[in-house]
Amino acid sequence: MALNKEQIARRIAQELQDGFYVNLGIGIPTLVANYIPEGVDVVLQSENGLLGMGPFPFEGDEDADLINAGKQTITTIPGSAFFDSAMSFGMIRAGKVHLTVLGAMEVADNGDIANWKIPGKMVKGMGGAMDLVAAAKNIIVAMQHTNPKGESKLLPKCSLPLTGVGCVKKVVTDLGVFDITPDGFRCIEYAPGVTIDEIKAKTAGRLTIADDVKEMVV
Amino acid sequence: MNKVVAGADEAVKDIPSGATLMLGGFGLCGIPENCITALVKSGINNLTCISNNAGVDDFGIGLMLQGRQVKKMIASYVGENAEFERQMLSGELEVELVPQGTLATRCMATGYGMPAVFLLAGIGTEVAEGKEVRNFNGKDYLLEHAFDSDFAIVKAWKGDTQGNLIFKGTARNFSPLMAMAGKITIAEVEHLVPIGELDPNAIHVPGIYVHRIFEGKNYEKRIEQRTVRKKIS
Amino acid sequence: MNKVVAGADEAVKDIPSGATLMLGGFGLCGIPENCITALVKSGINNLTCISNNAGVDDFGIGLMLQGRQVKKMIASYVGENAEFERQMLSGELEVELVPQGTLATRCMATGYGMPAVFLLAGIGTEVAEGKEVRNFNGKDYLLEHAFDSDFAIVKAWKGDTQGNLIFKGTARNFSPLMAMAGKITIAEVEHLVPIGELDPNAIHVPGIYVHRIFEGKNYEKRIEQRTVRKKIS
Amino acid sequence: MALNKEQIARRIAQELQDGFYVNLGIGIPTLVANYIPEGVDVVLQSENGLLGMGPFPFEGDEDADLINAGKQTITTIPGSAFFDSAMSFGMIRAGKVHLTVLGAMEVADNGDIANWKIPGKMVKGMGGAMDLVAAAKNIIVAMQHTNPKGESKLLPKCSLPLTGVGCVKKVVTDLGVFDITPDGFRCIEYAPGVTIDEIKAKTAGRLTIADDVKEMVV
């Protein structure tokens, strides 16, 4: 059975390493914060100017001057620091953020990503996504494997305007975990109850299956 | 060097139609509410606004869009502003979408007297179209230019009569960068204090960058996405 | 994320001969005294040092010059350091003199991930020799490159165990910029405090840029030019 | 009689206007701070990272963490602000500093200035001088009219390595006040007791005398 959003987030949380500074995008990536493994000390960066983001505030404790990049009210943890947007993207460009997790509309089998625009129809703007994908060392995409019409979002080539080129390292979907390799997507894990055949059927881009492919533990 | 003006109306009164304005804030966080109200009241139009977002339909720069005061928006995010998206898609509003870090750094470049910088964001995307690409140490970068803005309008948490500014939390965002970039910089503050009250080590924008300052009134500080945890008792 | 190390000797112990170091401070103000002592003791050599000055003959980087540990200095000012001037004029020491603002901005460019920026200083002088000149809006600028530094070593006033730093007075100078530019950044602080004690709004260098931190000892904080007024009683 | 250093500083202080942010270099320029006219509110910038520089401290009040660009112990006045060196030169480059006063070894009649190096002999380094002269809106040089050998320091062309090109607007020496014009130095004031002939004799660069030239009031 395909994973739900929480499970996708939980799987991505397994990628976190002790000492990581991590930027979590809007949507599923935000949920990753809820599943940081025991004993793994990570600091969350919010590109609107915060290191040391904490959980959502308790009711009544909301502070309009304290939001994340998704404009949600948040809290800080001890040791946090605020800074302006130039420094925020400066540290991202300088490679100080170890891992970026973000959503996508499409990912191509060479690591291209599209997530900001449907021409003539939907223009949310790129926000900080183009900066993040261009500069982060390690980018994991969290998304559904197919769009609402059932079409694959893992493509040979993005059809939508690109956010970044050849930058995605790994994709975690409701069906499995995929590394981006010179041979395209490589399935290294499949969701419990999901078959390799289903993954093959729903992946439009080049796909290989790792020899040691295994069931995801979430 | 007293830079205090009476209020928002006086602070913005010489801003002409056709001017280029930088407006601080991220979403609705840290926006110069008083000055936006005064700008809406003033009725000036044909403005070019540089701001990360354009507020929401009925708050922030969204109010200026509703009033058709804005000719061009330079922003990174349209977000949930339906009127912004509508005007953009219909072509009524000219829009330059700029990656957020590039937007911030182009503001900083202005305040730091750097005409142009090389940045990564947008390489290989439509953002790179028509821009100079240059390779440094094996990586491609885009040449991005500093902004030219007539007025910068920001909201700070505290400020003194000499224009020194301190911001609070994530309400800082683009505001210090824009404050440093305005030919004329207007700061509205939640707390205006006499000089000597701010810690000189803790000032985010030194007064040299600020031309007019006043204590704002009736801050609504609207929250765009109220997200909370339940208290477990 | 605890970044505390035992002291200066441990903090610098993996710095190899031949490394490029950034060292904070302006004159003798804000220099990392403890780390310099440890570097002198370590006996490593063939270093490239990026620092606004090289201290004086018997304090600061001057001590490393005396010990012939430095192959190349990148600095803006020789000042009253006779040994520095002597080694430079005799050719024993390779020296790149960089305008002070250019030095600072090249440090910042590194920490902000900008490979190069355009700056005014030095146009028409020998500093411009061999550099690309480009005209923006009728003014000529030099293309100046970010520094590549293996280690940055700074002294801050206060720091927490996570590496957040706050500087005091004009001891700030180049230090935050260099702290942001090191591949490995070492901070010695006058006061090391637990996390949560520093005001998150007042931090100059967020801990993400800092890899090792310790509380320094026995600060001499020597004054280069003691200049006073007489008290009229 | 030629002016002393204090008088040169006092004359330059007359150039200060209410609301000016001013950077004063090492040497005579530093003395200008002592003669700010009554009712003129100026803020002094020190390029090592301070706006709102005050006078030297009283004996015993020296703070090693509080120095000016000449490494002298100083104080701050209420409303001061500290910042890093990049911001300091950023505000200079962005034209926020209204007036810069600095010393020189040589000034040419086209506004070139040399003040940082005597090849093979003396190399102090340019410090912040190149940044200041390249960027400041208004640069006044304070210096002796001649060097210790009696040779003019107001030249047709600098013989020493340049600090900046065509940037000096005005020169105040012990003999007079000189604007830089397309026709070279224009003497607009002479020091009390100094003759125009003496000025002519000691000025090697192109020199004109203003029609309304007058005695300096110091």
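Each chain gets a letter, A, B, C and D, in the order it is written, and its residues are counted from 1.
Rule of thumb we're sticking to: a contact is a pair of C-beta atoms (placed from the backbone, for glycine too) under 8 Å apart; a residue touches a chain by one contact, two chains touch by 3 or more.
From a predicted model like this one, the values you see are computed outputs, not experimental measurements.
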Which of A-B and B-D has more C-beta pairs touching across its chains: A-B
Rounded Å distance between chain A and chain D, as computed from the means of their C-alpha atoms: 56
Cα-centroid distance, chain A relative to chain B, in whole angstrom: 28
Gap in Å, rounded to a whole number, between the CA centres of chain D and chain B: 37
Inter-centroid spacing, chain C versus chain B (mean Cα positions, whole Å): 33
Per-residue overlap in chain A, given as positions that touch at least 2 other chains: 82-83, 86, 89-90, 92-93, 135
Of all residues in chain B, the ones touching two or more other chains: 105, 112-114, 119-120, 167-169, 172, 200-201
Category of the chain touch graph - line, ring, star, complete, other: other
Each pair of chains that touches, named by its two labels: A-B, A-C, B-C, B-D, C-D
Complex contacts: residues of chain B adjacent to chain D: 1, 110-114, 160-162, 164, 180, 195-196, 198, 200-201, 203, 206-209
For the chain C and chain D complex, residues of the former touching the latter: 26-30, 52, 75-79, 85, 88-89, 97, 99-105, 107-108, 119-127, 157, 167-177, 204, 221-231
Contact footprint of chain B on chain C as seen in their complex: 105, 109, 112-120, 136-137, 139, 141, 145, 166-169, 172, 199-202
Chain A residues touching chain C - in the complex, by the definition given at the top: 19, 21, 41-43, 45, 51-52, 76, 78-83, 86-87, 89-97, 135
Residues of chain A that touch chain B when the two form their complex: 46-50, 55-68, 70-74, 82-86, 88-90, 92-93, 112, 120-131, 134-135, 161-166
